[in-house]
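In the two assemblies presented below, chain A is common to both, partnered first by chain B and then by chain C.
== the complex of A and B ==
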């Protein structure tokens, strides 16, 4: 079985993100692997360990992703491709999905495992669109993957009311939830040894396409402006006699908040 | 007596002993190098105080009786060593005497008197030791057959020598010395037996014997003594009594300066170390010879486990078993280790030729994995690195560096470590703190306090090193604020690094993650040296220890002072004044990295004494024998799932002292003890406070 996993580098959302004049302030930001993609990599490596599988990672972007790719190598990924093209800086979800489609078609993959969304945009579209563009089954929000035979897998999908068990015919795309696994922190030895492994880097031309061909020049959506998160206003504190306060609070809830 | 028989006995006894010792020494030489032959003067001082003076045996109040017992047996043996030489001489020459110690000198007389008394004393101590083992049964002791055998042999040695002298005395004084036996007789100092009361007593026991009987007893006892002694000598290297031979050198060779061997700065850039698994201790042969000597020397006295926070809370780390297991493994693989070391010496540095040698060397790998099979993972990860074990070890065994080196092997090479550490490591990697909170929030606690940043004023006298807990943990932020209040009141010129500060890497290093540690250290040192920082006030003993002792290895040299030490100085210099108005019972919990690692015991006590209106009440386990809170050595970031909780055990001790306030000087201790009090539902009665908070509240 050949597995393709997708990895994106995103802004570390643990940091305060400042917005000025409709754009994100780059200073002080740092970039990390998207958490859900780490789950995807872990899922792929676990399948590899349990069954005979070859795992390939693809990362897209206009950034140097060597650090995160090396880590994925240390986790146990076999091959890595990085599509590095400055044009991708302005790409939207369908464009990314088109790039992934090209990567998929260049290989001979049975299964694509992607994170269900990226921490920066929370769009959650690229994986599903890839399934659509390829015309193969796609299951989202997956929390377990079991291999049935060479051409079938059974996945558990976390729904609103419970878990769905889905039999899927390969090739297919699954997007995984963070509850599927706890990604391993690779041994330092693995990270050091991964320095020797080769990362295939290519631009869109190298992939045999162009930004225009995949629809990048006529995007379906465009980011117009970033706005800072509104800070929550502090609550009101009341001190004094409990009976008086209660009356006051009730009055405020009725007249001002209008919830009663 | 009989030169022929003496020669035979000595030849056999010494040949077997020599062979055993040769094997033991070869085995040590097969291990990794360690530099322990410098600073001879300091080493001799340790030898005199710790080994000859028996400081850790006699010096501990709690163990004084058994300590004195051991010391007397040891000193008795030292005295009797000279006597043994005389006896071996007697085998060849009738009336053999040592120069200076013969009958012509007062020294000779003083010596026989001392020898006589010490024999009696040692015999009494042996009886006491039997009583302790059989009746008192202290829980720390392993009651093995070897212990009884050795005690028995010591008893036989004393009794045989006393009866030998006793029969000689009877023959000479009561029967007119029929065999013309030799004895000291000097006109000034009188006859030998005037100086030997114990011998006379022994003689009286056999006074009923006929001259022929006495003569037989004398000859028999002589040979019993000689043969017992040589048997004893040959038994020593086989078991825990090897310490009789190795403890003096072991103490002499102990690490100097820092309390134990510093964690080795590993060269992580060298690719071959990753391929050859040479980082940390993954295999027996990666121990250094001093660590091997430590194992030879372990006496299995059990003092280490008795003070170990993990053992007393039912975790699987039992240090004397740990040592014993490693020693047994070392002996079992001795031949292979020696052969492997021989091959290693033939390595040329040429890759191709070396590959073949390395292939051959691999054959001599022990069958069992050192960690996982010989030593269980739970055992290795239980240690809090508190050093209580090392502090009490009478023969100065360094347990902690060995444990950390084995953890390095696990973390760097095998990737085998408690899963919970993942989150903390990841936090460190991304945001420079184990919680993984955004690094840009590091100085948020100081908002509105008007604290300078190094970036704004790099010329300040002191850098205040806040630490991760002081920066991010809600509770410890209050300590940081209190400290700022004190420094401002004293007019200290200081600044913080703000978002440029990162975790020192202490916990990563002690959890064996040298790579993460070096990452943190490199970045911090770059920032510190960039600002030309000279003096640092550290608000955490772990930061203090790392900045002060670990960073110099990587080019970071600073004068580092802990905040309690600094506050104490401010008070002493009159820069701040405090009110002596703290009411209620106040006690102090010594943090391990402040006390045992950095020997700061007095400053906190001096401050607290000046605050409390009824003085400081000490906990039963305090000072050098303080009991760990359970958070050191990276344990802060691991789950404690086995046995009872260490922090609760310590909190119980504090509650039992009826303390109303327990002072600490470490953010980990603060968290652990406060949590312990909550667990016991005593957090309302007993307040856990950092010394800085108490001082800030009592500023006059």
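== the complex of A and C ==
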């Protein structure tokens, strides 16, 4: 089985983010592997360990992703491709999905595992659109993947009514929730080995396409500006005798906030 | 005139409040409105969909649609969108919407926007606003193509009880089953529980509750308040709460009138799921817990002392 996993480098959401004049202030930002993509990598490596799958990672961006690719190598990924093209800085979800489609078609993959969304956009579209563009099944928000045989997997998906157990015919795309696993911390040996591994880097032309061909120059939607989120402020905080302050707060919820 | 198709949000046969919220907003924008209901035994919902604000009701009712499957669900929505010549298709915030919207957008060659909190139509210019980066910023997005498929974030729009429509039912052919991704079983959530997405009050439990006894204590408070019962990530990881109870960036997004965070420190990912609440009450023994930076009311104290006292006080006011 050949597995393709996708990773993106995103802004670290733990840090403060400032907006000025309609744009995000770059200064002080740090970039990390998208957390859900790390779950996707872990899921791929677990399938490799249990079923001798071959795992290939594709990272997309206009950034130097060497650090996050080395981390994925250290976790156990076999091959890595970085699609490095300045045009991708402005790509939207369908455009990313089109790039992934080109990568998929250049290989001979049975399964694509992607994170269910990227932390910088929270869009949750690229993986599902990839399935649509390829005309292969896609199951999103997956919390378990089991291999049935060479051409079938069974996945569990968290839906609105409960957990759906889905029999999927390969090739297929799954997007994973962070509930699927706890990504491993790479061992020192893995980290040392990762340093020696080759990363295939190419731009869109190297992939046999162009930003225009994949729709990037005429995006269906584009961000015109960023705005600061209205920040909530802390209100009244009470310390002291538990019985007294609890009674006081309940009175405030009834009389002032009028929510009880 | 803009034609807006709202996808009915139906859970266990019940029409959810978000459907009326979306239809009210569509009417307020001056759009022609329709709703599409996809499922098994959903035809009876047509009068409710009209009352909620739709002037046409597309119904895809078939036993094969009993359990959600993304491809046929999306196919039915696409068929309704084509029949209505929809300029926009709106989903309520749900796993169904998140799974179906990108498919519908790809099939209609539409733009796709998830988690929107506002939409404006000015002549031909359509813009949406949505949070991004764990709710730390808002994006204003221009739609460049004639069609838009959107998932509306919980609590973004309010229902207007006056905004009612008329009944005009159009029956759709049932979509084909997806033979490549067959849903063979649904392990149902415990029924009879209050749906987090709909609850007017949500009580969530965090690591401070420690163990099952702590969870049970907080659950009692939720029950007393007839509240939805949610959880932080830590309690899900510890196996004390189910995955579908997790409130946060990756789990449920809630926007109740009152959110009660019990023993929750307030990680960014959790805050991203609940900062749409009208009022937040936090109970935490650590006075420096980040949750107090967003809570309207904070009680610094051990939840094992405070929760029984809260129950008592609530019993008094409800008496």
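Here, the second predicted complex is superposed on the first by the 233 of 260 C-alpha atoms of A that agree within 3 Å, B and C clash if a C-alpha of one lies under 4 Å from a C-alpha of the other, contacts with A are read in each partner's own complex, and residues count from 1 in each chain.
Here is the rule we go by: a contact is a pair of C-beta atoms (placed from the backbone, for glycine too) under 8 Å apart; a residue touches a chain by one contact, two chains touch by 3 or more.
Since the model is a prediction, treat every value here as computed from it, not as a measurement.
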Practice task
Please work out whether A:243 is in contact with chain B alone, chain C alone, both, or neither, and reply first, second, both or neither.
Solution key: second
Practice task
Identify the partner contact of A:205: answer first if only chain B is touched, second if only chain C is, both if each is, neither if none is.
Solution key: neither
Problem - First (chain B), second (chain C), both or neither touched by A:14 - result: both
Problem - First, second, both or neither for A:106, with chain B first and chain C second - result: neither
Exercise for the section: Mind working out whether A:25 is in touch with chain B, chain C, both or neither, as first, second, both or neither? Expected result: neither
Practice task
With the two complexes superposed on chain A, say which partner A:50 touches: chain B (first), chain C (second), both, or neither.
Solution key: neither
Problem - Between chain B and chain C, more extensive residue contact with chain A - result: C
Practice task
In the overlay, answer first, second, both or neither for which of chain B and chain C A:94 touches.
Solution key: second
Practice task
Return first, second, both or neither, reflecting whether A:222 touches chain B, chain C, both chains, or no partner chain.
Solution key: second
Practice task
Go through chain A and flag every residue that touches chain B in one model and chain C in the other.
Solution key: 14, 16, 182
Problem - chain C contact footprint on chain A (complex, rising order) - result: 11, 13-14, 16-17, 19, 24, 36, 93-94, 116-117, 119-125, 128-129, 131-133, 136-141, 143, 158-169, 172, 177-179, 182, 218-229, 232-239, 242-243, 245-247, 249-250, 252-254, 257, 259-260
Handout entry: Complex contact set, residues of chain C against chain A
Key = 11-12, 67-68, 70-71, 94-96, 98-99, 101-103, 105-107, 109-115, 127-129, 131-145, 148, 178-189, 201, 225, 236-237, 243-244, 246, 249-250, 257-258, 268-269, 275, 278-281, 287, 292-302, 305-306, 309-310, 313-314, 317
Fill in the blank from the handout: Touching chain A in the complex, chain B uses residues 268, 271, 274-275, 279, 411-415, 419, 421-422, 425-426, 430-431, 436-441, 499, 513-515
Problem - Interface residues, chain A side, partner chain B - complex - result: 12, 14-16, 28, 30, 32, 182, 184-193
